[in-house]
Amino acid sequence: MYDVLIIGAGPAGLSAAIACREWNLSVLVIDEFPKPGGRLLGQLHEEPDGKWWNGIEEAKILLEKAKQLNTEIRCSISAHHIEKNDHGFNVYTNEGVFEADNLLIATGAAETPAPLPGWTLPGVMSIGAAQVMTNVHRVRVGNKGIVVGVNVLSVAIAREMQLAGIDLQCMALPALNPVTADYGNPVKVMEGLLRIAHLAPSAAIRFGSSFLKGDGAKDLAVKFFPKSGVKMWGMPIHLRKAVTRINGKNQVESVTICDISAKGEIIPGSEKTVEVDFVCIAGGLYPLAELAAVIGCPFQYIEELGGHIPVHNEQMETPVEGLFVAGNITGIESGKVARAQGTLAGLSIANRVIGTDGQLENQIQQAKMNVKTIRENATIQFHPGIEKGRNQMEETFYNILHG
Amino acid sequence: MNKHRILEHPVLGKLANQKEMTFTFDGKKYIGYEGDTIASALLANGIRKLRVHEETGTPRGIYCNIGHCFECRVTVDGKPGVRACLTEINRNMVIESGKQHSTPFKPTDNEVDLPRTYSEFENIYKEEKEG
Amino acid sequence: MDKVIICRCEEVDLEEIKETISKYQCSAREIKLRTRAGMGYCGGRTCRPALNAIVAEISGEKLRHEIPLKIQPPIRPVSLGKIGG
Amino acid sequence: MTNKNHAEVAIIGGGIVGCAIAYYVSKAGIDCMLIEKGDLASGTSSRCDGNISIVDKDPGFDSLMSLASQELTAELEKDLNLPFEYRSLGSILVCDNDAEMEVAKQWVNIQNQAGLKFKLLDRTDIRQESPYFADDIPGGLECETDSLINPYLFCYSLIDKAKQYGLKLHTRAEVKLVSKKGDFLIETTKGNFTAKKIVNAAGVWSPFIGKMLDIEIPIKPRKGHIMVGGRQKPIIMRNVMEFGYLMNKFQRERIADSKTLKHGVALVLEPTESQNFLIGSSRQFVGFDARIDYDVVQTMARRALRFFPKLDDFNMIRTYTGFRPWTEDHLPIISEVEEVPGFYIAAGHEGDGISLATITGKLIEEMITEKETTISIEPLRYDRFNKNAVTM
């Protein structure tokens, strides 16, 4: 029986474990990946100040700290069910049942698909898969590839693949269908791209971001978006081309790519075949909250946060007694926010175990501030309107507790 | 097998002193590095196809690489449904790709009596294979 | 037109889902039962957002707070032997 | 022109029983509507397995009713347009021990005497059924006429055809109030409807409908769990249950471990068309608490492994629970209610809803059209409980 069981050894889970261990709680962290670190492992990008954010190093720092505090971390354990009982939780896993008074679910996010004809072929993978393969396993996903889907995450990972010496032909949009309605629409994609424009060493995009405030301007920008794409780090990003099909028999051999209108409609006769041996698909991320669902935690659908989110308050508590959440399960944001949320969740759990304590209260207040500050200073914003979404969540939690 | 490895990296540095391990996939021997998952070790050896769809036989490989999609499931030392992306290789691990199954109850064009017992099913299946 | 598979596990394609929705005006759950989309090995983790998007697009209804396709344990496949202990 | 909001007959409940009634009543040319609070087959009928069986029925009225249902379902396989995974391969019961084997022998004799196609299976026969069976299974028995369907696809198929016969379907319309002034007035979340006659086919929820007309319906929800396996290679061709299931059902003494007995667990293994496997089952009275009880799931897994130890590597991909509408004498209520003329009940089939749906639909149609019924409806009367009141 543990004071707290933490599911997910990513930035949120590890930070929470550290906070709990600092208050001397008994803690078990489990994760189904063979190595701890979660999706920190694999993250690699240049900050505006020119320094590298190296997720592997960041994960190491957290792990070192957790180890110093004798934190029990077990990998390759998958939780498949959780039951709430009178005193706490039974967590069912492939390695047996674990019991804990408190539970933190920090399972992060899963990738939203962008289905295309041929996307089940070997060699087609999600953009996150390519990131893990490249930076964690140090294996090249192929010799020549294409990224389908242009968003904050895919641009960052495309850059990481380039760094590793992988030949990327270009980035383009997925052909429009009811699923890809947002990420196959050049105007909507442009909006997203502008939010990371400050990261790009590209005059065209920087220029764009400085005057493209109104919707009309965005449409114009898309209309005049260069046919050859805009180059970011030397790789063309196409907003006026879409991949309509992935071809191959036993694995990817080529993609079919077409010119598209500003609305994403395919321009007849523009079909071209590009030989590639891998394709990365980028649809986006959504909170992975299945375990909260099987416990019976209420949910809110908040588009700004990326989908269905377990209801929680500013202190990362859910309406289910003893159940806490932190990281991307609470909304899609950066690893830095997840880390800050984890610390806050850990302190909230300590508070539930220990009771009133002046020092702890201070730490909680500070941790709350910290989450806000980091959010405000975030280099990468996955969704616009995060703050609006967070406020909606606060209100919901209040309404559930106080009718 | 190092053809697909990223040995040099401008930020992450050199990949050196990796311990080699031998394993088999569908009866063939391969070498991976200690700490490799089945998925990364096979990809480093240029292998993308890990299974076929049980019913249709369409080829499948790694999709999400973090245990969510179960597309990379293989049979490891006789145990089916193991995620290649989450399972680290072991010395002499025996890995088998996922195979197509027969679906004796699916409606077919020619009206045949469905098998009632496993023995009957086996006989029909054998005939199909031989025929 | 090439098939766009939506549910990879059960190989259910977009046309089949669209036809089912327009023919029966059905919910995400009923699409699942009628087509098997989302009923496969992964538990719907991969196609769930896609199915929701298709239903929303065709019905014009916004997603509700309740998760449209119920999540049922085990959320990761687990062997009979492990369950039985 | 027919009125969308009025019908001669209104059926409440879009589960398999309601759908079968809708089919037969509309086929008879009667103006008919079906009102369902959720989607079609969104309650018990999508949270169960798909046996249409005699193998576990007492000879006599019970098995007669199932046999009639089997024959009707076989006809429907030809009459309906949408496929529903119908397979008529028979089903088997396996015995856990010699004591069960002894009773099984008697059981086969009794059934054969009643003219039903039963056969005893010995150890060799069991091997033929599946090489995955445990070596120590002493034997079992077979009922040749049993069949399997996919219950929710069957519902969709029945309604598809019923609509061609003119059925008016109102889903996502929860009944809030029913009253009678001449015609019945049915107030729902999707507006008001009127009907000359009402059939209450709301399964475990039928007592709530009854209450709206001051009618007590002695049906209680009995929860059952089922596990679903991921696609697997074929292991067995037809539905298997354990003989102990039968001992349990008819309150005969059964030898099993305490949790198996406590949760009413008995092996059911149904191979499906898609090569998934449904593994059950349990029987518990816990009200309307639909949560999955993992202790029960674990007990079911152990029970399945007792008969199929070689399946220990087979992966389970989900579990669900459903409420079976239980009655005290294990027979459904298929009856007009004398106190409220024009009010019919077709509910309380417990674990036999799939088995008995078609005959139920046929009987209600015959009662409404005042024809002679296919089988006697005397044992199914609503007022049979009045003599012997059930405590709820």
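The first chain written gets the first letter, and so on, giving A, B, C and D; residue counts start at 1 in each chain.
One rule holds in what follows: contacts are C-beta pairs under 8 Å (C-beta built on N, C-alpha and C of every residue); 3 or more make two chains touch, one makes a residue touch a chain.
Not measured: the values here are computed from a predicted model.
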Innermost chain, where centres are averages of C-alpha coordinates: C
Interface with more contacting C-beta pairs, comparing C-D to A-B: A-B
Subunit A to subunit C: how many Å between their CA centres? 22
Chain centres from averaged Cα atoms put subunit A and subunit B apart, in whole Å, by 28
Per the centroid of Cα atoms for each chain, what is the distance between subunit B and subunit D, given in Å? 40
Multi-partner residues in subunit B (2 or more other chains touched) are 53, 55, 58, 60, 63-64, 67-69, 71, 79, 81
Counting only residues that touch at least 2 other chains, which ones in subunit D make the list? 230-231, 274, 292, 294, 313-315
Touching two or more other chains in subunit C are residues 8, 11, 41, 43, 45-46, 72-74, 76-79
Could you draw the chains as nodes, link the ones that touch, and say if you get a line, ring, star, complete or other? complete
Taking the touch rule as given, give the residues of subunit D at its contact with subunit A in the complex, in rising order. 291-292, 294
Can you name the residues of subunit B that touch subunit D in the complex? 54-55, 78-81, 101-107, 114-121
Note: in the complex, subunit D contacts subunit B through residues 83, 85, 87, 89-90, 128-131, 230-238, 271-275, 313-315
Partner subunit A, residues of subunit B touching it in the complex: 4-12, 15, 36-37, 39-40, 43-44, 48-50, 53, 58-69, 71, 85-88
Please give the residue numbers of subunit C that touch subunit B in the complex, ascending. 8-9, 11, 41-42, 45-46, 76-77, 79
